[in-house]
Amino acid sequence: MKKPKVIVVMGSDSDLPVMEEAAKVLKDFKVPCQVRILSAHRTPKEAKDLAENAESRGVKVVIAGAGGAAHLAGVLASQTTLPVIGVPMETKSLKGLDSLLSTVQMPSGIPVATVAIGKAGAKNAALLAVQILGLQDKALSSKLKSHRKKQANAVKLKDKKCRLKFSK
Amino acid sequence: MKKPKVIVVMGSDSDLPVMEEAAKVLKDFKVPCQVRILSAHRTPKEAKDLAENAESRGVKVVIAGAGGAAHLAGVLASQTTLPVIGVPMETKSLKGLDSLLSTVQMPSGIPVATVAIGKAGAKNAALLAVQILGLQDKALSSKLKSHRKKQANAVKLKDKKCRLKFSK
Amino acid sequence: MKKPKVIVVMGSDSDLPVMEEAAKVLKDFKVPCQVRILSAHRTPKEAKDLAENAESRGVKVVIAGAGGAAHLAGVLASQTTLPVIGVPMETKSLKGLDSLLSTVQMPSGIPVATVAIGKAGAKNAALLAVQILGLQDKALSSKLKSHRKKQANAVKLKDKKCRLKFSK
Amino acid sequence: MKKPKVIVVMGSDSDLPVMEEAAKVLKDFKVPCQVRILSAHRTPKEAKDLAENAESRGVKVVIAGAGGAAHLAGVLASQTTLPVIGVPMETKSLKGLDSLLSTVQMPSGIPVATVAIGKAGAKNAALLAVQILGLQDKALSSKLKSHRKKQANAVKLKDKKCRLKFSK
Amino acid sequence: MKKPKVIVVMGSDSDLPVMEEAAKVLKDFKVPCQVRILSAHRTPKEAKDLAENAESRGVKVVIAGAGGAAHLAGVLASQTTLPVIGVPMETKSLKGLDSLLSTVQMPSGIPVATVAIGKAGAKNAALLAVQILGLQDKALSSKLKSHRKKQANAVKLKDKKCRLKFSK
Amino acid sequence: MKKPKVIVVMGSDSDLPVMEEAAKVLKDFKVPCQVRILSAHRTPKEAKDLAENAESRGVKVVIAGAGGAAHLAGVLASQTTLPVIGVPMETKSLKGLDSLLSTVQMPSGIPVATVAIGKAGAKNAALLAVQILGLQDKALSSKLKSHRKKQANAVKLKDKKCRLKFSK
Amino acid sequence: MKKPKVIVVMGSDSDLPVMEEAAKVLKDFKVPCQVRILSAHRTPKEAKDLAENAESRGVKVVIAGAGGAAHLAGVLASQTTLPVIGVPMETKSLKGLDSLLSTVQMPSGIPVATVAIGKAGAKNAALLAVQILGLQDKALSSKLKSHRKKQANAVKLKDKKCRLKFSK
Amino acid sequence: MKKPKVIVVMGSDSDLPVMEEAAKVLKDFKVPCQVRILSAHRTPKEAKDLAENAESRGVKVVIAGAGGAAHLAGVLASQTTLPVIGVPMETKSLKGLDSLLSTVQMPSGIPVATVAIGKAGAKNAALLAVQILGLQDKALSSKLKSHRKKQANAVKLKDKKCRLKFSK
């Protein structure tokens, strides 16, 4: 297996159905990634080790998904200067508002690049990682541009069908 | 100076005007305490050391105040089995809702005893620490009971004045 | 039955599926506890009696779960100097935001140690009680430390499986 | 002084500038009232006594203002079958959302008649008390009707001036 | 049929499953009531007529349930000096927060006695009406007191069972 | 097919079950409309073209539905001086609060006429378009008035049934 | 004075500093308007008369600003088929969230075209009215287009200065 | 002047006091940047041009700050595959919650890397840009690491003073 360029971490295995959306996108773009389950609170040592060693292992971007008092992305960001992308998980009671605020409202000095709550966020975290990697990888950047085009074409096709359906 | 039984930590010196309310209450109850400024994000190593060594230094309770994506209490709680009390700071934009949710919505396994946003919370954090210490210290528990009585008497006095004022 | 060290109270029997998580954790740690249904609003006298007599009965910590305008923890806290832990119940309409704010925003003088909304909160309330009891009970404190280790190991095992699954 | 028909209670003397709006309205309607400072949390016994004895003292309506985890109205309501009107205080951090939810979201069985946050709420609490008393007091009910007319006329006068000003 | 003392109005027939809880409570207390569907927005004339004529028809209290931009209670309150109780409906998207704020945040001059969102609120609206009617009806007031006792006894019975279950 | 007077646009085909409520209302009023799927983010060029050409194609009103960071209505409004009506979609996590704020809180200079979240909003968007078109089309304006009457009559019929049901 | 084409109504004279922004914009566009103070709750009859007679007086659009439980726009909208634009006022405690939800969350059948909270909303309400009037008034529509251009030019000028300032 | 690697854009010159924090950080790190005022709504063409041409001009990262219905970052992100960082502005009424949700809740396909509301967010946006640029610039990455150390040392110094002050 190739050395991972992106690490996708989540705080609990219950976050997997959401976070594997990120892994899928990275796979589609053939960006080698590692998927980890590490808790800022239950395995702080492992979280620290991951963050501290990521850069020397050749990792470029860390994606971290967590819910509730979602400290994972912030804790990792505090221990590496690699860009860290935070994905707020939807939660049962507060629907992810807690996760979002715990992830995005970082104090000055330690940024977390926060994306949307849930699956859309997980996919976008991966795309953002690809955009960052694309800055130094022309081929990847080209793939991104065709991905955007395909995406636009998919919308246009739906638009066509929709116009047709309602013009009758 | 006596060995501290309680440590009052905050994430930034801008939290001091709020958190010193906790220190004052502890002083009133003659509970030796140490006041620290340590950031979960900017000095993660120091935060970790504090939490890991607290118990062996004779500390019984940790009080942690932080704002925004307030990870400090949770990060300390993940590295000690001493009770950790979290005080959410009021914030400029979201008025402390972010701090509150980041402090209280901890995942199962690592509790943070959260109190109210701001100064009332800081005072109550200290009183909660005194209540916990009072479980094994009869004298302290008695002081608490007289404090409660004084507090009630202060309300009753205000009530008297108020009744008088409005009965005219 | 042994004299309870912890009382788990809830405002309604509909809270039982959540609050029995607290009872289970206490049982696992072999901490004798009593489980009660008492409403701050519908049985105020019984609530008052419980709080006033708890200390003399040897109780050390009170855990109170309630929803909506969740006054139970606060009302108990106002009538005892034992530490009171509040568990906000998830509610149908406002999803527990009402319960959380009614439990945590206590005025200075009467703290309630508030934990997360719902089941995670109920479990953590029990663990917090164990942490408090552990301050004067070495054996209990040791159990807590192994519990933390088991918890960490469970995460590490899941991490292993996850890494494996995605490395294929 | 005449026996009070309405009691205006508040949880703290800092609530007085808001709650005296209620007293003023009652005075304008010549409804005898008593103004009290009593805390659900700091003087629970006095709060209980007030609620339990109100009816036998001839009181008809209780108005209770409190902030944060605002339990006062609910605690009084649980100990009397007189109608209890709750006024949520504006709070520094959460702007009264906490007070509102803690006052209005009462469990079935114990209603609190909740009005708006702050001064508008305090005035309306008094007017609501007058409306309730007016059900058995024709003179009072007539006064209410003229008050409404005056209020409407004041708006109409402002409307006139406004139209004039902008028609130039 | 007896002349109604209470009118229970709702803005839409979809509110009926919630609002009939109010009608049931009133029936249990043998308070004659009328149940109406009238929209502040879709049938403003009928809403106005209802409010304007209620007093002369012998009605004492109006209960109004509505959702979303819930204007019904406020619109009725603006056209009668009878006490108007507002029940905020739970809504699909904002879960009743919209209904609550639209009902409770009335401007000074026109109070609406607001109760909790949804079914608990509907029941409490009826109980509040009974409390108001009970001020001039000793028999009704006695029924209320026994209802409270039954309610307390029901909680005590559940408490007994609960203690038993967990003491094993 | 007649030239459309109203365009109903949505950001994604998942919004169709909601937005076709708008199309249905327009059809009922025989207002020719076109239904489009265009994303402010995924097909910005197409969105721009639609907005820029709408006026010259004879379109009078644009209705745009989008969810989350709902930029569609605002983006269209920035590129035409036709009135643009925004329909916030209900979202999975934040229940449409995000869509609402992203649609309504436009900066001064570029208004979006925002309606309620979800289906009620979609229907009302169409009715609002009809109200606007009715300003220069007497026949349409008459239809609107009869629609209002039918709507009122439907409520009155339900009211009749309800009164009957509860009078037994 | 010319017959008004737009009426700007507000619920209280305290809303005037905000709502006169709407009047100013209309004056700039030379659209004759009338400015009124009318309360849905304190002068319901006058509000009804205004709405019912607006169309026959030649009015084309109604702009209504109100705060808190902001029913004014909805109440007017229920009594006319002219387009009604609602401006939510910022409020002291809940900062306009109450006004926004009370204005925008209208039930299906009676739309209110809601704009942003406060001054930006008041300005945009007037611009939206101009956009609607512009549909049948080429001259007005042209003015709008130049206004947009001026607005864009003002931004471009600021952009120029800003680039310059930071390029040094 | 050197060709900019980062563009800092804002929607209005009133955002400048916040956004120049980003420019200052970039200057400290000697990263050439351009500061622009461009509105997604008032100058959509200029916004589009900026985004479309950024990559070919050698820009690597775009930072966009906007408030209210904050579409700027999303609109730019939809027209470039460069990473776009969004800074939500604090707003007068909703305190930046509107800006935050409008910036972060992007649909899948077009990510915006969102940071905290206000000044802390603006600083962190710049640091995040530096972290991204540091992936291909060893010198910059080293500077970042010393910046982190300085930041930690500043906290440690404050901690020292604080401990001293309270140990007396």
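Order of writing sets the chain letters: A, B, C, D, E, F, G and H. Residues in each chain are counted from 1.
One rule holds for everything that comes next: a residue touches a chain if its C-beta (ideal position, glycine included) is under 8 Å from a C-beta of that chain, and two chains touch if they have at least 3 such contacts.
Given the structure is predicted, the values throughout are model-derived calculations rather than measurements.
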Contact-graph separation of subunit F and subunit G, given in steps at minimum: 1
Self-contact between copies subunit A and subunit H, residue sets same or different by half: same
Euclidean distance of C-alpha centroids - subunit B vs subunit G, Å: 48
Subunit C and subunit E, separation of their C-alpha mean positions in angstrom: 34
Overlap residues in subunit C, where contacts from two or more other chains coincide: 12, 39, 42, 68-69, 94-95, 97, 104-107, 109-110, 112, 116-117, 120, 148, 151
Inter-chain touch pairs (all): A-B, A-C, A-F, A-H, B-C, B-D, B-H, C-D, C-E, D-E, D-G, E-F, E-G, F-G, F-H, G-H
Of all residues in subunit A, those that touch subunit B in their complex: 11-12, 39-42, 44, 48, 67-71, 74-75, 77-79, 91, 94, 97-98, 101-107, 109-110, 112
Residues of subunit A defined as touching subunit F within the complex: 90, 95-97, 116-118, 120, 148, 151-152, 155-156, 158-159, 162-163, 165-167
List of subunit G residues in touch with subunit D within their complex: 1, 12-13, 16, 20, 23, 33-39, 42-43, 46, 68-69, 92-95
List of subunit E residues in touch with subunit D within their complex: 60, 81-83, 85, 100, 104-117, 119-120, 123-125, 127-128, 131-132, 134-136, 141, 144-145, 148, 151
